[in-house]
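The structures come next, written out as structure tokens.
One chain, chain A, links the two complexes that follow: it is found with chain B in the first and with chain C in the second.
Up next, the complex of A and B:
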């Protein structure tokens, strides 16, 4: 590894170390819980961002993967008495065919088919879960076994922190490699990407699969952390929307955008809990509209653009001085 | 055998519901055709139409069907305002951003209704809601029959308006090729604004027609909105006639399908149909395909 690569990776690695060290210092259950929620939404936003931000394919049905992970764990570990880790693994495995099913049908078509299919599949899963009472308990919901013994929340924190770091690390890697350039090319101009030989359908499917697996493992984690799930908690439309909103507010197509978005939204909803409870989806809707109208790059995306523009202006100014010196 | 005996009844129920579905689908197809926007707020506007009717009935004692004369124009104006003030601002943005904007709009509308009316199920009581017409062994609820008749009348009226009037011609031209329409001297901005208002008025009218035969709650529109997309895809994206036929097809598929899968999964049938159409005939069953 060259020194520039090490320098490039130093800051993210330091950040990861800090995130992992938090429970050693912070022992308050309340704040640990808040941070766990931040990490859950960071992971979900990051998952959404791979397909929605980098590949530019709008999903409004990611609750399908999240709910699949949650229900797979609840049914295998809770009802069949499996080892919970095997249940989590199965949820991740099952999310792959579901993603490929949606992707292979819609990604070959031009038009808004993917967004509609993602919505429809999530809704079908919700309706089937509600109706299939003998297995899923319907609207009553299911108890989910704990992943970790004891009352400490720290093990849960570490688990979701590792998942979040892997997810953010994956986008960090994607952005710097062939896959990232391919996805960006597909987002910016699909026809051109196709004409230079990129297998657009294949790479969109790959992005969706990666995204689905991350959403599924987070779903399993969330189910075990809550210890109880029902269709309206893990399979409902607001779950899908919040994943998208976290990524959009933070910055679509940036590595740390979803983390920024998740931190802002979770902290805001904790601060204004009393006022938020009733109206939090109304506020999210207005925030989404405001972000699209006035800050389409999100917080981090806009910031990065500003810095880039300033650097370019500086470089131009230096260039101009040199040119003047040479002329005189 | 029992299934066979239920068949005529389910066919008639499906057809009656299909008239209302057609009206919902037509409004969405109109907006998609003219503005190339997937309007995720269509279901929310339907919900607004339902609550407007509810208020008119409960506070002013106006008949739900007469209420269309108030709620449809109100939504027409609201739709035009939203188009000009909000959606038009990002007319040049990516499709993804336009869709997301309507998602935000839908969330804002639905949750405002939740704050104003709570999540309780409500119902509008009419004198004729209990009246049942029996004909050849098939019974029909009078309210359903009236709603169906009004829906068909509005759909046919809209079709004639689009085909015969000067504005209808301008609208169809914009839908076919917006740049060519502009070059022919059509005020595309106004066409888009009016089309969006018209789409919302149709959603509002459909909401008013649903009110006497359905429950209302803030998220009622989500389900209908999703179904409307199925109808539009069935009909070949953006085709108004196709969407109307798609609506009838979907309602029939639901009403016949529920004899097999049961009432609870009735709403899932539409989405299965949707996936099948995408798999085998993505251009839609009726009408033109749009690139």
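Up next, the complex of A and C:
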């Protein structure tokens, strides 16, 4: 690894270390819980961002993968008595065929088919889970075994922190490699991407699979952390929406955008719930509208665009000076 | 040696309407073939058929000896068939350098190598000074060059240039002509779609085919073609042809 690459990786690694060190200092259960929620939404937003941000394929049904992970753990570890870790692994494995099922049908088509299919699949899964009472207990829900013994939340924190770091790290890696360039090209113009040799269906499928596996493991974690799930908690449309919102507010197609979005949204929702009681959803909505109006690229996205534009302007100015010197 | 590209009896119907009907031609390595024809003659349909964005109703497309009728656009690109679009389509949110890098990734997995190759090609087309600007900042002439650069980065044997001169001023047209001749000198075959700038047709083409209403009405050297009564009629209307 060259020195520039090490320097490039230094800040993210430092950030990862700080995130992992938090429970050593912070012991308050309330704040640990808030941070766990921040990490859950960071991971989910990051998962959504790979396919929705980088590859530009909007999904409004990512709760399908999240819920699949949650229910797989609940059914295998809760009902069948499996080791929970095996249940988590199975959820991740099962998310792959589900992703490929949606992707290989809709990614061939041009148009809004993927977003509609994602919405439909999530809704179908929710309805099946509600109706198939003999297996899923329907709306009554299922108890989910704990992943870690004891009452401390720190192990949960560390687990989801590692998942979040892996997810963000994966995005960081993608952005710096051929895959990132290809996904961005697909988002910017699919026909042009095909004309220069990019298998657009294949790469969109790959993005969706990566995204689905991350969402599934987070779903399993969340189920165990809550210790109880029902369809309206893990398979409902608000879950899918929130994943997209976290990424969009933070900055679609940026590595740390979903983390920024998750931090802002979770903190805002905690703050407003304490301050404004029932009105907190109203304020949450106003905040969203303001963000979309004034920061169309998301917080981090808009910031990065400004920096890029300034750099380009500087480069252009230097170019112009050279041209003037040559002319004179 | 077999031609680089052989198109035989190419036909495309949309419903009952023939956009292209029974068109045959071939292109050799290092040769520039111009496809000319008035607006709506079927040039873009031919480009879309050869590059795989449409599948032909009838006929056969052979590239480097292989029938490619059923291959997808990206598979054709990887076999050495590059193209540009009539309505230029840069990746607007990427820098000019990144636009070309994406093309270069067709032949390498390494970011460093793709960047080097892209810089080399940007120097070749004369856009190296703007490498780090967004593609959306380019003028139309610049975007057309960028299209050629991005296609070149995939290391094509044949490049399909849909509309090389439309919207360019005379100086820009000359620069484009120079660029196309350089491609031919590098051994890359090209098929250039030209609507009506005769200067382009006369100076760059080794051979010309003329389309009108989706059918091939003339083929030959530039001089043969511009003196062909059927061509004059297609462009200027029947009466002028009779007087000529």
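In this section, the second predicted complex is superposed on the first by the 291 of 328 C-alpha atoms of A that agree within 3 Å, B and C clash if a C-alpha of one lies under 4 Å from a C-alpha of the other, contacts with A are read in each partner's own complex, and residues count from 1 in each chain.
One rule holds in what follows: a contact is a pair of C-beta atoms (placed from the backbone, for glycine too) under 8 Å apart; a residue touches a chain by one contact, two chains touch by 3 or more.
Quick caveat, the model's predicted, so the values are computed rather than measured.
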First (chain B), second (chain C), both or neither touched by A:296: first
Which of chain B and chain C A:124 touches, first, second, both or neither: first
Chain B versus chain C as contact partner of A:278, first or second or both or neither: first
Touched partner set for A:106, first chain B, second chain C, both or neither: first
Chain B or chain C, by number of chain A residues touched: B
Touching partner for A:28 - first (chain B), second (chain C), both, neither: neither
First, second, both or neither for A:152, with chain B first and chain C second: neither
Which superposed partner A:83 touches (first chain B, second chain C, both, neither): neither
Chain B/chain C common contact set on chain A: none
Parts of chain C lying in touch with chain A, wherever the complex brings them together: 51-53, 72-74, 77-78, 82-83, 85, 89-95, 98, 101-103, 105-106, 109, 111, 114, 129-130, 132-134, 137, 150-151, 153-154
For the chain B and chain A complex, residues of the former touching the latter: 38, 40, 86, 89-90, 93-97, 99-101, 103-112, 114-115, 222, 226, 229-230, 233, 237, 262, 264-265, 267-268, 271-272, 274-275, 278-279, 282, 290-291
Partner chain C, residues of chain A touching it in the complex: 176-178, 181-182, 184-185, 188-189, 191-200, 308, 311-312, 315-316, 319
Touching residues on chain A, where the partner in the complex is chain B: 52, 56, 58, 60, 105-106, 109-113, 115-117, 119-121, 123-124, 127-128, 130-131, 237, 241, 244, 248, 278-279, 281-282, 284-289, 292-293, 296
